[in-house]
């Protein structure tokens, strides 16, 4: 939005053009089943994202090839085999701009270079199995220009190891911590007892028996004795990242 | 069995009667062979216990006044107001032997002096609200002659405080730790990461929202990343204590 | 540690004693290294809080009268009848400093004047029944010196009314929005579709039938299509406020 | 039923024939495991439908080839691969009358032309993943002769987009709206706040984590603050359509 | 919007101020475009309703005495003891217009005479315990001017009795049936197999054991083999009635 | 049906009227054909029963005083305090025929003497807290004229005691065993491993923590490794008794 | 058992031999993981059954080839593909005695001819998808020598059809009815309202959405208003049959 | 730890070296996603274990080939097909030390010979399907040097069989019993009624219908009437073994 206003001030566009650009119909319709929010980056400050689950291959290829996005695009929950199956249907202008992140199951298609910003999010995981969710968060944050500082598999069973890693994040002056954990989900509680930084907890669906679906971790995080933690849906690394970005955006605005 | 078969041959009973008598006989023989539990109370070292919930006042008074227990008796989950309501119906020989533990909601009636044993259980709670459950465990352990070394309200939010308290239990050479916690139930996981002693975790029904009934704490404890923890029912301080006592008895037997 | 080893070499202690002392020493060293939380209260800017549920009246009065808190104290979930029952046991120096907030069920005891800070949180509720939870958040935020700008009972059924209210929050330049809702819990989703500010969603246990305990609202908020929302426990206005405060603190630090 | 009465009045059939036709055994037995309600259309006004799940391929082919249905037949939840597997066993008279709807997983076999009726149902979905359920509803409605006016992927995050689409349905004078949504299921609540038309809400099993099975959407719809919404089973597009048809039938009867 | 842009060009406001003003403006424009619900109450034909649970007595009396409702008001879930407690605080103009329905727990305050309409809803209950919920629906329907034809305690165990009662509703030409049932919730399924009228099923929280909260009835109704049933929340007689009224309104519009 | 058709032909009624009359006629004919349950009570041998929960005091007194039952009446789930509250409103002819069973919470009003039958049901409970449910079953069985042979509080922890008690039931030649248990609900499984008699398992809502509502006992019974067990609802002693009576009736019929 | 007693009376065996045969170790051990109850038929009157799920192919072949069963054997939950995979490992003496029932997923290996008994069980299903469970019950009953009279897919939506089919079972003088239903599970309630025969209800895991796992049907059956119904585990046709057989055995004993 | 101290006493290492060895960083980092606790055996007395689920093949091979473990390693939940897929990537020094246990799904890599200890754990299972979980416990115990005495498939339906097997464990003087059961999970309750040894109950996810996921067994075990039982997560044979080992270690220390 600021760009439009600056163009107006610089005389590059007229008042009418500015109004028109500001008012432009914000949704593009792609066939019958898909509508697209092309101005979202402006409103929410996060680049447009497409959750690939529940969409057919045709829907997905259609979106990727045809959306007139002005900025960058991120496709989440796209596993490697599906990416390989559909990528040969991508247009050339898509192919030259895409990056596929196997561990995070994310595909990015960047039309513009990402503008680097000088604020960081710390991402910490309890176990190795939580890494894909953490990576989903990491890529999303990096797409927004912020830094992601990660430390994985820190557990809570070895308090030495944990203390060192949290110390590492504090030294790096992260402004938000995303704490990812499955099983009993105790990591965010322990971290929140040690630092005074906003913590976004992400339960994961790792484990088995009573913890099979991630509900134990979710409920433990919501029920934490350590206030200051907020929680997102099970396995929702993307959501945690967007939440962190909106926080960093507020910090950035006030700097 | 032979008698029955001979009566059949002698025509004293019919085939149908023989069949029916053999069936009854089968249970009696099976019953007579059960030698396991005859002396259980003595060996287990846990005095006779009565769970007062679900029993009418009449049932309870009747048990307390009339059971010819040879040893000591423990009545659990007896809150103060109920104790006050029924105590005037107790016989004199009961009245002179009873002790009521308000915080633990336990009534003991000790006919014999408790024989002191030289082994200890550590009891640790996450919060103040977990204390009644911990006290139920403590009294039960002390009734068995073992020592209970307690440290309450240690939380996991202040790692400093927690380490000191665990240090205190280790110095006291406890052989089992009972870790009592509600809310997110993370305490046993953290303790289990620091010591090599068997840990019995007791979830409590403290908290609210998603943790209201204690299921979050229960599931978190069952799902703990730190192996070596076993768990009892929500609020079951008595059960944790009996489990601890059976372990100490085994140690005692081998000393 | 060296002392222990030397004592071992000098024959002052046995190998077993050395091992035991080394274990205790390990926790103490670990404990001494924990520097994270020493000054937490000051830095976090959240005054000391006591959750009154699960504590006996005696415990509560004891805490209120005797804790040597240097700063201010907040007692949460203290309903009016309990406050009236226990207040005559308060010391004089407590009585002259306390304020009771009936709707929020909060008691504050402020030893120091609260330092005003120039950042704001917006608090919005779907219905009238959500107000006590919102007020718990408001008082907690105001105790920290930040502003709370509230607009209650905005619903989602009247889109006109909702848009005006969000407009009101945006005009007031709030940096975080706490959105409180029971029933189907749709309010945070709708708000998150309209603004680019971090949203902390608080489900409430209002309603009946399938929504009786607040789980429908909780799950709807976690499952929201609108990314950027994070969630706290059912009815946890205090937790939402602390989360908001940690965010504002980060903004404040960077200003 | 009216046809029989008119034939009686026109002298085409006698009183006895009329009675006989009215009384005719309404169920046809197909082998041991299947019984068929051939007069249903008359009683309920919806053409005969077969739910294909839980039936073996043999049962299904048997029904399709042998039922002496006088009207049209609809087979639901028949995915494309199963249709392709069994279609070569269909009789010729079936093959020339069938239409397969891939997206809706519906097979229709129409013996009679559908009589068009001048009333409409609006069908609206929150996301792209909800489209198959919406299409199941659409085909069922069109089989009954009514119009289905659809608008898919309207979300609730972009209020502009949603308002335009609801406006579109109101302009088309739909008499019932079927609102299909997964995730947090907030769409029907928002729609019900804007229009005064009966709304049938269909939760879908899209999403993940706490919303995985569609229960969050179901409970949110049942718990909606906006009265006037009724709900059908998760993913039950067919049931929503039949409910809508019975409403339109009542309107039609009174016209 | 143009004014803002011009002020920017004229240097009266900065880019930041322009951006902020444009954001506020966006909601206001959106709000102004919402024409849908302006006249909703009149068109929907459902008088203004207040759900009394979760509101304090003060809130309730305040609403009843002071809201300038133009039409009639209905207060739901107001049990007799609460009504008696608060009624002496009502203004005189309220007192002369109110009617309290004890069985339905409804209070009506009618400023205008209700306009009678010539369409009917049938209300049927499985048991005696379902009657309060049915009465809530009945009063709500009668407040809207439509007829409610009721038949209670018909069960499904006596098929004779049930058939007579359904016959009675059909004779009275009801256009919608509200079927209220707790326990196993089978009534709507049986009714739906016999008639071709839209059926709104209301589960009730009667019963005990596995059916204690009404979820068994709710799920049975959602899962009914008999298509054409839609369902509202447990005990939600009011919601069922509003849904029925919106259907009758559509019929009325087309007559 | 012919009359309607003739009236149509004679012009006395229109086609629409004929259709409507035919629909009503359809239910009446169906109803007239239902001969199954006319004499049910006599044949089933279970006297008329009224479940008192969910009925108002007025409803209950009305039923008790006015129903022209030909046989005997049983009122279930009527606790002592409610019985005392309503009994002074009973008619004299009721008062002289009633018996109140405090432990079973049952009131019987017997107009005829109960005809004794020579078959027996064994009733066995795991604990003392299960006795009220067992007594509900016992009184119901005795009302039907059959014998109930009871043995309570047999547990499964003392195998000796259990074997003796089962032996006692086998000696008494019971034809059905009702096994009542809360907590982990293992009693029916153990019994079913020892005898070849049909077993009706009744879970009870005794216990606490994970077993609080009786679901653990219910699920354990349904999931029993020992085939031959069938189960009724939690606490449903009455249902178990009726099930047992229908079995004994079949035996009686064949004798 | 009777056979042994008769042999004793006939002088074919001595008292010692009789005692020995009666006492014989009843369990045969097959490798480390399997023990086998070879005398079960005598005690419980149902032929030995093996639940094939959870056993490896090796375990299963081992049991089938090596058990020294004196009577007949039934293997349940053995689907066709698994049967085909393992059957070539069967011994010749097994192969000549086996029958595989595809629809019931049952394999029988009959060493003795089944002795026909003159009592019957009625089996009724709500839908086609319930047939496999019903067939599991049918084969089990026929293995015991009793008659199974079946009528499938009777639904509750077409009351005509249902009445005819129940009438058919009553005419055939069945002594027990097994009622099998998924979805909303209403069939047993409706049947129990019409007949005075013991009813064993079997919920099935057919359906989708809220009924996906069969819990809706299970809970509806347990919660039935029609007393006299007892229930077995979801899909447990075998358990229902064994329960029915124990009932018929009691009838048979008394004839 | 003792080894280091002894080396110090023997003059093999200096005080500084001892301190350094005791302090050594206990965690080895393997790439970004895995950290390894190499000193765990010393602290907890159980050899290092890796839970293979949730780790990629690459992670797993990396750990197995590169960890500088000084002692033995155990990989759990590694099914045969996965073992076969990855084993050709193992280093030679791994290959010559590994043993794969198919039934237990465990891979051990033993660098040192296991030191035999003279204490035993009894392992008992209810059924054949519980054997894999029991074997996971057995191998883990044997890795620690203790004895595992097993008896599988003892059920509770045949009390004879069960009594013999428990008698067998008692004769072998086991100090802890691990009781593994699925379905209704009654085995630990029955065992606990007969012996005075600590019992660790392991619920398994065998069964179907209401017991499908193992929750029925878990809850039954937690809810057991027989105190002295503690419980681990569903299918968690490894956790039960570690808990047993910590108990035996305490006994061993005191001998």
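Letters A, B, C, D, E, F, G and H name the chains as they come in the text, with residue numbers starting at 1 for each one.
What we mean here is this: contacts are C-beta pairs under 8 Å (C-beta built on N, C-alpha and C of every residue); 3 or more make two chains touch, one makes a residue touch a chain.
As the structure is a prediction and not an experimental result, all values here were calculated from the model.
Listing every chain that touches chain B and chain D alike gives A, C, F, G. Farthest from chain A in terms of Cα centroid separation is F. Comparing the contact residues of chain D and chain F by number shows a mostly shared set, over half of all numbers used being common to the two copies. Annotation: the C-E interface is duplicated by B-F among the options B-F, B-H or C-D, judged by over half of the residue-numbered contact pairs being identical. Averaging Cα coordinates per chain places chain F and chain G 26 Å apart. Taking the mean of the C-alpha atoms as each chain's centre, chain C and chain H sit 41 Å apart.
Distance from the chain A centre to the chain F centre is 59 Å, each centre being the mean of its Cα atoms.
In chain A, the positions touching at least two other chains are 127, 155, 157-160, 163, 193-194, 207, 209-211, 215, 218, 222-223, 233-234, 236. The full set of touching chain pairs reads A-B, A-C, A-D, A-E, A-H, B-C, B-F, B-G, B-H, C-D, C-E, C-H, D-E, D-F, D-G, E-F, E-G, F-G, F-H, G-H.
Against chain D, the residues of chain G that register as touching in their complex are 127-129, 131, 150, 152-155, 157-158, 160-161, 182, 206, 208-212. Here chain C touches chain D in the complex through residues 126-127, 155-159, 163, 183-186, 189-190, 192-194, 207, 209-211, 215-226, going by the rule given at the top.
Chain contact summary for the complex, chain G toward chain H: residues 26-27, 32-35, 37, 53-55, 59, 203, 205, 213-215, 218, 233-236. Remark: chain A residues 43-46, 49, 119, 159-160, 163, 166-167, 170, 175-176, 193-200, 218, 222-223, 227-234, 236, 238-240, 242-243, 245-247, 249-251, 254-255 touch chain C in the complex.
Residues of chain E that touch chain A in their complex: 1-2, 5-6, 8-9, 15, 18-19, 22.
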